[in-house]
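Shared between the two complexes below is subunit A, which pairs with subunit B and subunit C, respectively.
This part shows the complex of A and B:
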């Protein structure tokens, strides 16, 4: 018989470690046609980070995301980056790109001030224009300003910057400190169906509620959360490296190292809890790794709700669950007086 | 990949000639879903690969006086889409649907699945539950034998060099016999069977009893096997959920599952009992649904 259950799990996760140097650097160059080029050392691994980083540069410069060309991960050309690790790219690399764009924008403002006969501090960059705050009709296109900066002022609008979350050394006596710059929070709820004759778990639905600061690209946040949940399902139910006595892996292939397929994926509802972190670029934090942290716990709680057994080692394979169900039934039979 | 020779057969007759010519040096290529993977890694490549995939006369699914003939080169996808199979032995569609992924089902053939002869093959149990026969051809002519006699051991069939599996035949008396296939794997997509099973039986009119029950089990012995004791228990017995469950328990004692890193033998036996019970229930549901259809 198939039995349904629901489970809840919550988590927090640190973003931007501070125990050691953790820098990213960037160069932002505004071109004479009003577009911009970003140089960053970070690596796109399919999560869409270059899209988000381009959006950050575009937002800082008042241009469209389409106007930004991102050059990444070429160590001959791009600045060094600590890495696409620890869910730090949007937060740390994003901050470096925002600062580099601000530096390039400062040159644009200094150039446009005399053109619009105002102080640079009275300007803002919006809709591909440098305009006077409160008087958007007094404006000049960013391409125009970039050209003037280059050929008139002799100061090409290029900004570079680096950002490092403030390093806080650990107290050698107490071991205390401030290990991370900021934190994100999430809750996931899993609904499962457990076959009480085979122990098989069918994950039917996962509702995932995540804080990531400002979601710069909500659809990519959803993608990250859905991808994390697929890994969380593998972690909960399937994935296990098995070794023989000699220490050789006995399942070094995808036939026997079981990972979820598209058919194993449940319906997923992603709920983004928007808020603002003053230390992140435009309030953003991160979401990469956090998305898989609560999944396994939610699924195991749901299994407990469905069939009343508590699995305490991962993965919760169907065999483990059936063994636990049988042990529970045997225990119940003993308790009934003859 | 090590080098090997290659010839392509134009039709079944040509394939048999080529196999006779090359004997033990030949390895047959049909869909290639097993052989190509093997060729990439093997240290001992075959002397020559005889590609029969162009032999269109080995592909037909047709109804004859003998029964339903499925050409050895029919792909799992073609089986899933065959109206004849859907009407006459839908359990084969359940089995075909559970094999590999869409790409494997589009290329892989039923003959190849049987001839590779791994214990966990998904084509075997439903065919054996329907008492399928196979036609084997060689230079000295054709012969017909029960499919169970094709299986000798893991990756070992009774065919000798020079012989070709031509077709699978579901005997006419078994067409329309209520049957079902079930598989348990470690995930939903692209899973190897930890256990698979099929059951078929007629309903003795008037008595609502099992008639000519047939149960086949996969992945729990060196080859796909029948469960004769469970079959004997069911024959003539009234159709009840209790009888189905008991047949499952008996079938579990007839298998010889192994313990390995995927699962223990005990767990595999538990699965056999459940899958056999569910196959019997599904076949019965299929039969009663058909009767209702006819009445309305």
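This part shows the complex of A and C:
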């Protein structure tokens, strides 16, 4: 008989390295037409980080995402970056790019001040214009300002900056310290169906509510969460590297190492918790790794809710679940008085 | 948006396809690329918006991915390029007595063969430099590389690898981390202990907390070893110029560290190494350090030609990093109404043959192990142990998925025993803004309570006890 169950799991997860410095540096160049180029040493690993980093530069310069081109990952060209690791790209590299863009913008403001006959401190960059705060009808296009700065004044609007998350070393005896600058939080709830005659689990639905600070690009946050859940399902139910007695892996191939496919994916509802972290670029933190952290726990709790067995070793294969169901039934039968 | 020309001009083809020689491009018919290919995104609106943050901007790489035009390592080729293959040990613990590469070298089409003793500095690693590029002379897991071949085709390289013979003196091996922790266990990196890193987080007094508790719960949880299984396996190309400057194209997530490791293993000044990170076809933590790159560079130097290496799926499983298997012991003291007073956690991590990112995984797991809960008395300790298995390293979550599986399973067991709804018991214990974490850090931008409520609302969670 197929039995349904639900399971909940929440988590916390840090952004960046544990105590150790993990800086990023960045260069932002505003072109003579008001578009911009960003140089970053991080690498696009499929998650869409370059899109997010371009949006951060665009926001800081008051231009649109399409106006920014991001050049990445060439040690001859791009500045130092700790890289695509530890869910740090949006937070750490994003902060470096935001600061570099601010530095380029300062040159634009100094150039635009005399053009608009106000102090540079009275200016803001918005909608591809440099405009007077509180009096937006006095404005000049960023392209015009950038061209004046470079061609007229000989001061190309280029900014560079670096950023490193502030931490405090942990005491070796007690572990007391501030190992990370910030953390994200999440909850996932899974609904499963377990066949109590075969032990087979079907994950029907997962609701994932994730904190990432400000979602710079909500579509990419959803993509990360959906991808993380697929990885979490594999971790919970299917994947395992198996070794023989001599220490050689016996399933080093995708025929015998079973992973979730599109057919194993449940209905997924992604909720982005409203939040703003003042230490992140425009309030952003990160979401890359946390997306899979609570998935296995939620599924295992749902299996327990469905058929009353607690699987304590991953993966919860059908064999393990069926064995546990049989053991539970045998135990229940034994309790019947003779 | 500019109007697209109906047909592509020859100049546009030359730019769009980045052919090396414009003259070649001009001689090709204009029909080669799809005629309808626009150079502007189809849905430009989100990318045109200011403010830019918060927009559902289409990725600039998505059209290239969708049209199959993204250039991954395997799509790159250079004139005269060779292909590398690696000989894997196939034995988990041994001393290499002799490697005979003569039959491989004699094969037509084999241009270079490399063994560990030819590598200038044959060690690397982000924390401890305990991992060889090619094992020499000690093999510590079955996936260790022992030799590499560069040949004019992949097939010849693979055949040449089969012709390399290695004489091993088998050494004792240990695969179980609990066994490897014992004083009398075989030391995989002698004379060092197999317990290669430890971490403790202590707050309050757990014994006092347990004494004050109405009930104490215990649980033991274990997790398995898994692979990242990126669609694109580890891949790289190495090429030298006439000045002895090395360029490596690699599918790697951390080019700054990778360049430092390459310069170190090859004994080159950093300014003579250029590392270009190509689009990574899936990383998940598995491509955060060098692997075959120094060997490819040396094969290329020997052969005087560019060398490409692409891991087979077998290489990917047996010789790249994996997720740490955990053994987790939890003990939790609670009041009748489900408030946690004390929690002790002991974590044993199977670290495999080399350290890689184990120290980071250990630290994060230990810090996160007690969960996002206000607990005045916490004791977490974690140890990572060498075994003669595939090395474990960075993988999405750095130990957090393992401890979350344990602390959340444990939490549900406690809730059930106390007759409290699983959502409710979490709401009674979770962090709030300004909570002091187990390491004494005052937390900010804390929304775990909101995430619980949002998820419950969206799921339609009905409280039951």
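Brief remarks on what is shown
To be clear about the criterion, the second predicted complex is superposed on the first by the 332 of 338 C-alpha atoms of A that agree within 3 Å, B and C clash if a C-alpha of one lies under 4 Å from a C-alpha of the other, contacts with A are read in each partner's own complex, and residues count from 1 in each chain.
By definition in this document, contacts are C-beta pairs under 8 Å (C-beta built on N, C-alpha and C of every residue); 3 or more make two chains touch, one makes a residue touch a chain.
Quick caveat: nothing in here was measured; it's all calculated off a predicted structure.
Subunit B and subunit C, once both complexes are superposed via subunit A, fit side by side. Of the two partners subunit B and subunit C, more residues of subunit A are touched by C. By the touch criterion defined above, A:33 reaches neither subunit B nor subunit C.
Once the two complexes are laid over each other on the shared chain, residue contacts for A:332 go to neither subunit B nor subunit C. After overlaying the two complexes on the shared chain, residue contacts for A:17 are found with subunit C alone; subunit B is out of touch.
Within the superposed three-chain model, A:74 lies in touch with subunit C and out of touch with subunit B [touch as defined at top]. When the two structures are aligned on the shared chain, A:267 is found in touch with neither subunit B nor subunit C.
In the superposition on chain A, A:250 makes contact with subunit B only, while subunit C stays out of contact range. Note on the composite model: angle subunit B-subunit A-subunit C, taken at the C-alpha centres, equals 60°, rounded to the nearest 10. Using the contact criterion defined above for the overlaid structures, shared-chain residue A:313 touches subunit C, although it does not reach subunit B. Of all C-alpha pairs linking subunit B and subunit C after the chain A fit, the shortest spans 5 Å. Common to the subunit B and subunit C interfaces on subunit A are residues 251, 259. Every residue of subunit A that touches subunit B in the complex is listed here, in rising order: 197-198, 200, 238, 242, 250-251, 255-256, 258-264, 317-319, 322-323. Across the complex, subunit C meets subunit A through its residues 41, 44, 46-61, 90-93, 141-143, 173, 175, 199-203, 219-227, 229, 252-257, 259, 273-285, 287-288, 313-314, 317-318, 322-323, 360, 363-364, 366-368, 371-372, 380, 388-390, 394, 396-398, 400-401, 404-405, 407-409, 412-413, 422-423, 426, 430-431, 438-441, 443-448, 450-452, 454-456, 458-459, 461. Contacts from subunit B toward subunit A in the complex involve residues 184, 186-190, 192, 261-264, 267, 270-271, 274. In the complex of the two chains, the subunit A residues touching subunit C come out as 6-14, 17-19, 41, 43-46, 48, 50-51, 54-56, 58-59, 62-66, 69-70, 72-76, 78, 80-86, 126-128, 170, 172-180, 182-183, 185-189, 191, 205, 207-211, 213-220, 228, 231-232, 234-236, 239-241, 243, 246-249, 251-254, 257, 259, 269, 271, 273-279, 282, 284-285, 288-290, 292-298, 300-301, 304, 310, 312-315.
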